[in-house]
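Across the two complexes that follow, subunit A remains constant while its partner is subunit B and subsequently subunit C.
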Partner chain A sequence: MSELLVVEDLTVTFPTTRGPVDVVKDVSFTVGRNETVGIVGESGSGKSMTSLAVMGLLPPGATTRGSIRLDGVELLGRPDREMRRVRGEQASMIFQDPLSSLNPYYTVGLQIEEMYRAHRRCSRKEARRVVVEALTQVGIPEPERRAGYYPHQFSGGQRQRVMIAMALVCSPALLIADEPTTALDVTVQAQILGLLAGLQRETGTGMVFVTHDLAVISSIATRVLVMCRGEQVEYGDAEQVFAAPRHDYTRMLLESIPRIDDEVVL
Partner chain B sequence: MARYVAGRLAGLVFLLLLVCVFTYLIFFKLSPDPALMICGKTCTPDRVAQIRASLGLDKPFLTQLWDYLSGLVAGRDYGSGPNLVHCPAPCLGYSFQSSQSVTQMIVDRLPVSATVAVGAAVLWLIVGIAAGLLSAVKEGSWWDRTAMGLALGGASIPNYVLALTLQYVLVVKLQILPFPSAVPFSEDPLLWFQSYLMPWLVLATGYACLYARLTRANVIDTLAQNFMRTARSKGLSPALTMRRHALRPALTPIVTIFGMDFAALLGGALITETVFGLNGIGKMAADSIAKNDQPVIMAVTLLAAFFVMAGNVVVDLLYTGLDPRVRVS
Partner chain C sequence: MSDVLLRVRDLTKRFTTRGPYRRKNEFTAVDGVSFDVRLGETLAVVGESGCGKSTSARIVAKLMEPTSGTLEFDGEDITHAAGARLARYRAKVQVVFQDPFSSLNPRHTVERILMAPLDYQGIAPKGGRRAYTRELMERVGLNPDHAHRYPAQFSGGQAQRIGIARALAVDPKLVICDEAVSALDVSVQAQIIELLRRLQRESGFSYIFIAHDLAVVRQLAQRVAVMNKGKIVEQGPCEEVFKAPGDPYTKTLLAAIPRINPEWDRRRRAAR
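Let's look at the complex of A and B:
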């Protein structure tokens, strides 16, 4: 399998009043085409910073070391002007809270359209057709009409569908999903996961799936990277990691999953 | 929508009625007898009674109030017999001081106040928003700290201090501007501009400083929103990201505040107009209060209340167009 994304010894450092702090330390992983890699860890473990580093969207002040190669091309150290062409076109991202991640002042149609038109030369009419297609693909009913709706007029699950339609509108090779189902209730969560898996089969997109929810990871990822306090504590085949965790932290994470047959202590 | 507007207008009329009743109560019941003031020093009780009758002050309070309100809507007559004067609607009575029709006084002076307000508003919007934007984009920079420091200082200077200082420096010392006089634009455009320049500057300074700080805060707040991260993740150009995604959410709240500020200014800039001797509504208010000219005080209060309330309604209506989440039902 040819590797789509190769991250090697990635270190992200933030300056603080008490000196520089490494929020991500020597993280390495690879994502193949049509493959899903899960990044797991608790809040503050550096999993979101890792994905933002890939997108070149780290907050100002952050410095990076190591290497991030997408399709063999080094991304670290590239000027923002060039990264802009990568973002959306080659790699795109969906976020945890679809309501706040969409601009409340514009229709979802426009927000998808502007992304398409940022990367493809085309008429507005052509872009509108693509928008309707994208909305159809993620299962939004009456896509022509709903394209003219504002984000607040959709349900939570539908908003995340809109985000997915937007992220995939330019057919990127890599999709980074940063806790895309955390803000959704369980049935909607399952629908969104199913949608992502289905779209991946169709398009062959490589996916990085960031979450703190191991149950979600086990259903979607082929490989898992476990992070704790910015460090990579375990990396390997998903089944293997879950069956025989080598690190105490992974074991602890696995044990913290509530099970239906657990004894309830009141 | 039509029902909503009708409801808001009905509310506006009701509030104006309340303002009317309270102002009438305060100025006609609690302040010194206007008949005595008009009559002067060499006054006989007969003469006072006569004046009271001609002003309608001998009637019960509610009758007086009713006469005033009906005069506003339908016009009214003052005096009787050969002395009868008809005051056409909207009748706000006659000035105790100059015997002029108050309605006519307002018609004459409103353009002056409007000119002051519009000119100042244009200035403070341009300067305030531009400075605030620049500060927000270059947050923490040398420019940001200087501009915000100046804005804090500028917002703290009382208008009369600024007005008198400007007048002293520009008119008296440097003699680059004439003393302001309210000439119409059509008569002498240059003198018109020179006359209004100082009032504009004085009024705009305070507001520009407030608006700069407000704009900066709103823009910084918007830039930190999740949807800005989304916009960047989409590979949009920084210009489009800023113009489309940041500016509209950041500037929409400013529309609300501007609507209120501007409407309040239309009701007269009391201090600025008085210092520069511009015959606007503000100066009229100051003069009428100084001389206890009750019909004028009534009129000025009602006018200011009307502008503030109308400004509110207009802003609310505008908002339904500016923010898609706000819809009237």
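Let's look at the complex of A and C:
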């Protein structure tokens, strides 16, 4: 498989009053086209910082070492002006809370259109057509009309659909999803996971799926990276990580999850 | 039955909001809900956001007045209890909230937080405040030497233990847990679930456990009530409801839960 994203020995360091702290330490993984890699870990494990580093969206002050190559091109150390072309065009990201990622003052159609026109030269008419197409693709009913709605007029699940439409409007090769279903109800979560899997089959997008929920990871990822305190604890095929974890931390994590189908003695 | 601790009948809560042009909008958050909580048992109330589970809990905790319906606790009608009767009720019913940090006063020490329910009741703890604080902290697995620290000095899981200790201070008969483990990481969540189970075994009180996570509920509750759009669509023993759900909504809810491939689970357990 041709590798789309190659992350090698990525280290992210923050300066603190007590000296530099590595929030991500020597993390390496690869993502192929049409493949989903899951990054799991508890809060503070460095999973979000890893994905932000790929997008070049780390908070100011953070320094990075190692290498992040997208389609063979090094991303680390690229000037912000160039990263802006990469974001949206080659790699997109969706976040946990779609409401805080959308501008409440503009209709969702306008926001998706803006994203598209930032990367493609085209008429507004053409852009509008693309917007409606994108909303249709993510299963928003009556897309022509709903494009004129504001973010607050959508439910949480539909807002996440809008975010996905926006992220995929320029057909990026890589999609990073950072806890995209954590804030959603389980039935809505199941719909969004189904949507992402379906879109991936259609478009061949490589996906990095960041979450704290191992059950979600097991249903969507082909490979899994387990992180703890900034370190890469375990990395391998989903089946190996879940069926035969090599590390005690992974085992402990797996044993902590309450199972709905297990018999319980109270 | 005589072992019923809390009897809730036809509980309804309507909210009125004013829209533009002073138009009245009515929203029924809880719609004719009835359930019993027996002595020493755990009743879970589950459902998705907006189903009315937290509103029901708040009404039972007397943090909110119902539009109609009755609450009966220990054979006494407490629907409109106020003053001294309400204070007596509050000595028997305590709440543990989802976010420990926003439910603990950041400027108070652990000792002051834990003694607050007793101060409200005007009770002096046996053996003195210091000793009783230490005892409570030990019961929930906290280091009693940290009684003079502030909430911010604890982790999320530890802070939730403080919240639980505070609920236990008055020796309640019913503890309402409103998404008490939802905000915690899985490893911490497992510890808090174990703590809640142990405390119930030791003290024999009842829980109303409000949650959206059915797998967590399975670990704690004997009986479960499933809510959707303000109504209880199904209630019964956990084993029955989870194994053979009768209501279509319960079925959808159960089917939507992400599961780890059971074959992988089985192989991992076998290898150990």
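As a working rule, the second predicted complex is superposed on the first by the 260 of 266 C-alpha atoms of A that agree within 3 Å, B and C clash if a C-alpha of one lies under 4 Å from a C-alpha of the other, contacts with A are read in each partner's own complex, and residues count from 1 in each chain.
The definition used in the following text is that a contact is a pair of C-beta atoms (placed from the backbone, for glycine too) under 8 Å apart; a residue touches a chain by one contact, two chains touch by 3 or more.
Remember, predicted model here, so these are calculated numbers, not experimental data.
Of the two partner chains, subunit B is the only one touched by A:L102; subunit C is not. When the two complexes are superposed, the chain touching more residues of subunit A, out of subunit B and subunit C, is C. Once the two complexes are overlaid on the shared chain, A:V216 sits against subunit C while remaining clear of subunit B. Once the two complexes are overlaid on the shared chain, A:M252 sits against subunit C while remaining clear of subunit B. Touched by subunit B in one complex and by subunit C in the other is not one residue of subunit A.
Note for the complex: subunit A touches subunit C at residues 42-43, 156, 185-190, 193, 212-216, 218-219, 239, 242-245, 251-262, 264, 266. By the touch criterion stated above, subunit B contacts subunit A in their complex at residues 225-227, 229-237, 240, 244-245, 248-249, 252, 323-325. Chain contact summary for the complex, subunit C toward subunit A: residues 42, 48-49, 156, 185-190, 193, 197, 212-216, 218-222, 238, 242, 252-265, 267-268, 271. Partner subunit B is touched in their complex by these residues of subunit A: 55, 57, 84-89, 92-93, 95, 97, 100-107, 114-115, 118-119, 150, 152, 163, 166.
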